[in-house]
Amino acid sequence: MRQAILLRLRKRFLMNTGDTAWVLASSALVLLMTPGLAFFYGGMVRRKNVSATIMHSFMAIAIVGVVWVLWGYSLAFGPTIGGFIGNLDWIGLKDVGTQPGPYAATIPHQAFMIFQAMFAIITPALITGAFAERMKFSAFVIFIVLWLTLVYAPIAHWVWAYNADGTASGWLGKLGALDFAGGTVVHINAGFAALAAAWLVFGRRKGYGTEPMLPHNVPFIVLGAGLLWFGWFGFNAGSALSAGERATSAFVVTNTAAAAAVLGWLAIEWVHRKKPSVVGAASGAVAGLVAITPASGFVGPIPSIIIGLGAGIICYLAVQLVVRLRIDDSLAVWGVHGIGGVWGALATGLFAGIGITVWARPEGISVIQQLGLQVVGVAASAGWSFVVTLIILLALKYTIGVRVTEAEEEVGLDLSQHREESYTEV
Amino acid sequence: MRQAILLRLRKRFLMNTGDTAWVLASSALVLLMTPGLAFFYGGMVRRKNVSATIMHSFMAIAIVGVVWVLWGYSLAFGPTIGGFIGNLDWIGLKDVGTQPGPYAATIPHQAFMIFQAMFAIITPALITGAFAERMKFSAFVIFIVLWLTLVYAPIAHWVWAYNADGTASGWLGKLGALDFAGGTVVHINAGFAALAAAWLVFGRRKGYGTEPMLPHNVPFIVLGAGLLWFGWFGFNAGSALSAGERATSAFVVTNTAAAAAVLGWLAIEWVHRKKPSVVGAASGAVAGLVAITPASGFVGPIPSIIIGLGAGIICYLAVQLVVRLRIDDSLAVWGVHGIGGVWGALATGLFAGIGITVWARPEGISVIQQLGLQVVGVAASAGWSFVVTLIILLALKYTIGVRVTEAEEEVGLDLSQHREESYTEV
Amino acid sequence: MRQAILLRLRKRFLMNTGDTAWVLASSALVLLMTPGLAFFYGGMVRRKNVSATIMHSFMAIAIVGVVWVLWGYSLAFGPTIGGFIGNLDWIGLKDVGTQPGPYAATIPHQAFMIFQAMFAIITPALITGAFAERMKFSAFVIFIVLWLTLVYAPIAHWVWAYNADGTASGWLGKLGALDFAGGTVVHINAGFAALAAAWLVFGRRKGYGTEPMLPHNVPFIVLGAGLLWFGWFGFNAGSALSAGERATSAFVVTNTAAAAAVLGWLAIEWVHRKKPSVVGAASGAVAGLVAITPASGFVGPIPSIIIGLGAGIICYLAVQLVVRLRIDDSLAVWGVHGIGGVWGALATGLFAGIGITVWARPEGISVIQQLGLQVVGVAASAGWSFVVTLIILLALKYTIGVRVTEAEEEVGLDLSQHREESYTEV
Amino acid sequence: MNKIEAIIRPEKLDAVKDALAEAGFVGLNAVSVTGRGVQRGVIQQARGAPPVVVDMLHKVKIEVVVKEGDTEKVIDTITKAARTGNIGDGKIFVSTVADVIRIRTGERGTTAV
Amino acid sequence: MNKIEAIIRPEKLDAVKDALAEAGFVGLNAVSVTGRGVQRGVIQQARGAPPVVVDMLHKVKIEVVVKEGDTEKVIDTITKAARTGNIGDGKIFVSTVADVIRIRTGERGTTAV
Amino acid sequence: MNKIEAIIRPEKLDAVKDALAEAGFVGLNAVSVTGRGVQRGVIQQARGAPPVVVDMLHKVKIEVVVKEGDTEKVIDTITKAARTGNIGDGKIFVSTVADVIRIRTGERGTTAV
């Protein structure tokens, strides 16, 4: 009898329905972020490019949704090849079953896999803001397959891959760089890929600097920001891979940092531009969510306010800087995700362990040392992302081309790439 | 003491908070699918019919939300009358309490009831695409009450009703036809009801084939598709009625099939229409979600890719076929839900048990036999739905009428049925 | 060994992953309600005020998101000062950790805190409908800080605050007034604040009663209503603070009452206005959700239908009454939230305990007595809200001003307050 | 050459444009307008506001430029296709056009119409 | 008959149309346009782009067709109602209309105005 | 004074308005229209409906009122900026304007243009 209880107990301690429920719910939430992003970006472009812009995000879901299952997950999280990339043991999800896996003791391995799939989906979608309103659709399809394989999978592996015995196997993870929910893997990664694309490959949109390119639909932007905020609870609190103290703490700081970042962005905008804008509020929210991402399981509420306020201000300035440099990062991906991610990664080093009881800093590592590790993490992911993205895009540029013709750009991508208009007249 | 532990344990094993959390969350997700559908459909119609189209879905929530509690649930899931329909023992949710019920051992009976309510809500809402832009509102209200009672309740009973001892009580369920999350009950059912309506009752819209009837708002369509995709995780993974391996597996294949179906639809569209469209991507996603629905608890990731790709291609062709036949199934309900559902039901027979460890095929039933059972399930639900829907609609047609006048149709349903315009000018 | 099991068991019984998962999911759902509200309101205003209206809700998230963490939660839920307000012991979330707290035994204290934060966010956002299309943005920012501190925090404390020993500490809670999920704290509170604002402070919009002020985008209204409905499951069922019978029951009655209220509103509108409108359906849904809120953990399905039907009809009439009185409560906050909340509070007194097994009426309190207690709750919250809101707004009015200039109002708040237009032309 | 501007019910646009094509007048352009005329507006009520007569109603304005001699035929075609006999059917305004230029070719005058 | 086209600030539409009705001119139609004039555009900045002078500003164009003799009165009415005195108040163009047809009745000329 | 109405491809609006400004013609207004001309429409298919030729295509109409003497220059400027050489480039209509009033000042005639 006691035997039986113990057995059932053990099983219960292994597989936990509450944890599984939370990770599944979180996976759904993170999936929703990509349609959210579609609207965040779709609202910002001009009328003639709305559907094409939305399509970029939607295609990320479709393409990565399949690629991840086929080989992406194995490369990113499979048994390591020298800490650099996973091997192909788990190709087609071979051996990735519904029993708890190496990554989480209380949920099915596939739950972890699909949760990670959602991260792999949104990351390339984030990049698309850099070449919005001028990317060729056919090239985009190829780009996303290559990028996921050559950029996302390795970086995810460096930071998050584990051995079967539960020790880190990726080189950055082993080193001790902290990234709770994807500051480096997702945001710095996407941000620096965006910079490479906008600065060195695509060039500026026709009319950049002379024609207004105002958001065609501000409510769509806020809808997107709202869905992103909502989904980000899954992103960060889901990264606890369980429904307990850690998830709760991550949830709390996520909300708080985002709120503070709205205030930060609006404050500086109010001073600089004389009026606080609605697009600014939405942008600030995203900046704050980005910055808290790497820190979300490591800090308490008060640091999260500082991280958020900082993100609002720093990202605002970063976006202005890009504009000064006349780099047409059309929807400000680098300023918000790249720099927001860098700020978050550094702030994680600074504040980790403060105001939080469920986690404590690894002993014997000083703040300065941790900051150093964070810098390594930032540099490695930013560098790899920038360089490899550049190579991929240049290869495409000089073969099939990455940019639509000038006439197609003038007509708009909706008509030229998809032969449909977003809205009917009359 | 030990006694006490055991008691508490037993209680815990009976009612499980993780399972309950997941089923409640799933119920909320499935509820959201209907507003999602409202936008999916609302974006596709012309400006003058937007609100009226959205209203159809919204009314499904309101009407079925009440009817289900009053008598729908009892008819569908109550103690069986010959395997054909439930009796009225549970009228007004009498005896449907918050203790675990016959349908799930670890969640409150009412949680199962409300989860099922959401399925009953979206099914008639799906049909409304068939008579979009010409249905009379008053007739619609009556239609939905009758349809739920006479079509939905019986078919749900056939497939999903159980006896108190946990054995199937509906005749199709007893037979062994597999339908994890509603391929027959929801999609084939709605699809063939749509066919009856569009083909034999409503006739074509004024201007069909001569006037363009382009989607007035493509972003709305994608918003709808995004919300549907998000909600579908509840639909399929929630159908496990627990938060464990089965739910996880269903979640994974749902996402994978949908992604693959987008690729399938776009591929054939790219060849056939020369350009891949955003509406096509959204349609493909829905087709894939439909097709994986019956299979979602029975297959693993690789079969789900095949099911998805197949759905994209087959549903694309089915939609073209309906157009060739000049049947004005205005928003392609039959092609996507009817045929997508049939494909899914058959594919379930083919692939059940492949790539999945948490469930195994019933022993002694060959693939051919299972396919036969699936055909019976398809035929029974499609047949009943087609015939009884036809009878209901014809009865309404020859009494109060189902179609607005030509002048009302020209002016649009927003003004003629609801005296309001969807958007203001200037 | 046994010791160990017991320990782990105890820990498990203390902290429950299923309950935590559900409360976190609910918190996310309630957060989403505020963007939902932004669209519900944003769709109703004229084109020139869309973004500014949406911004009101978005700012509520940002401002309250920070204020709540800094001092709001401590004032509302901290150790009581005479049953009237919390002290500042928990300022900056000091002592509000991730272990279970006084408010819920099975979830982290911070989970309760963040769940409550979402309520504190949406309540002031609800009020903004009263002064839509004419509120000065800078004044709004100050208003929301003051209002949260002086109106929301005390009322929440009265109704929901507990001592460390788990007994009610707020005076209304101690008295025995029932409010499961916020009928008084959220809806009556917001509704009567709205009345004070619209009636005695802001005056009517320019063109009120002569110019049409039709909703500029009905689909947005329904999108908002859909998100509100979805999120409300978290609002009500999450208020059980656990994932079990109580949550399930609250979930079921929430859906049922909302559905019934749509029918109630449309029925009376069909008679009175000759046509049932889509805006009416959306309004009815919200009215029903409001009315069931205080009752949601106390009644079963059949009473919920009555509460819903009643809400649809009563709120419709209340909205008409305000119009007759020529009070420009622009988006009908008082009629829907104030009166819907009053109806719900009284109905809770009437129906509490009926059709529900998981909760029983406190013994020895008759229906009449309970009704009396409910009246006290209504009067206290409505009175405090009305008076203190009035004082705050008048103080602002006679210092920095609360209303934009006539020219700014004509041009619209989007341009005048935020220097951006919601939509681009051409 | 004449310019014929017709303000019609939106729901009659298809009928009018098909009728014009049939009568041989392909070239035209159309725009959404809101208009006020003899037609009394409808009473509409926003959720929190009193019922108000909405006097500006949604109409479509079409413009057709034709040779002098075709003017009557076009007026006739439009009138027939757009008429319901109820108030609110709209109006047609005729004015003179001094010159027409086809941008693609630079052709001018009646050949460019 | 004359056609009076006035390009005004969008926020003045209500005032103008009420003033016209009061002066006895009910018939009119209005359309949203974007326009450029002496008025310097405002500087706007999209999130990722440099600040740009938006020189095309949102305006409303109203059209009123009236009998010759009413022209001055209409011009006057519009001018008064639409004026703020600041740059960007807009312009009025007057042109000749050769004929007016009421679609409902087929009436023509001044009786159809 | 003349009114020059040009119906152009939407994607050419920026080019045309910049060219006009360079040529010294700042004042203008623009509106979205849908138009039908020699240009064959594109075939479009909605999800559940047969492919249909969409003959009404999205265009932009710009209106510029100028002094008589500037007419040719404006026509020329627009033609050059808007031309692609393909069918669908659009048309220009020229008509006479009897009077122009600047609302802000009440100035009339050519000084108000």
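We call the chains A, B, C, D, E and F, going by the order they appear; numbering starts again at 1 in every chain.
By our rule, a contact is a pair of C-beta atoms (placed from the backbone, for glycine too) under 8 Å apart; a residue touches a chain by one contact, two chains touch by 3 or more.
Bear in mind the structure is a predicted one, so any value in this text is a computation, not a measurement.
Between subunit B and subunit F, the least number of touch steps comes to 1. C-beta contact counts were set side by side for A-B and C-D; A-B has more. Subunit E is reached from subunit D by a rotation of 120°, derived from superposing Cα atoms (nearest 5).
Rounded to whole angstrom units, the spacing between the C-alpha centres of subunit E and subunit F is 18. Between subunit B and subunit D, the centres computed from C-alpha atoms are 45 Å apart. Each chain gets one centre point, the mean of its Cα atoms, and the points for subunit B and subunit C are 32 Å apart. Contacts with at least two other chains are made by residues 10, 30-34, 44, 56, 84, 95-96 of subunit D.
Residues of subunit A in contact with two or more other chains: 5, 16-19, 21-22, 25, 210-211, 214-215, 217, 223, 243, 273, 279, 419-421, 425-426. Chain contact summary for the complex, subunit B toward subunit F: residues 44, 129, 208-215, 273, 279, 283, 319, 322-323, 326, 328-333, 335. Interface of subunit A with subunit B (complex): residues 5, 8, 15-22, 24-25, 27-28, 31-32, 34-36, 38-39, 42, 50-52, 54-55, 58-59, 61-66, 69-70, 92-93, 97-99, 107-108, 110-111, 113-114, 117, 137, 217, 220, 223, 243, 414, 417-424, 426.
On the subunit F side of its complex with subunit B, the touching residues are 44-50, 52, 54, 56.
Put simply, subunit D touches subunit E in their complex at residues 2, 6-8, 31-38, 55-56, 59, 61, 75, 78-79, 82-96.
Those residues of subunit C whose C-beta lies close enough to touch subunit B in the complex are 5-6, 9, 13, 16-19, 21-22, 25, 29, 46-47, 214-219, 222-223, 225-227, 229-230, 233-234, 237, 242-249, 251-252, 255-256, 258-260, 262-263, 266, 273-279, 281-282, 284-285, 300-302, 305, 355-358.
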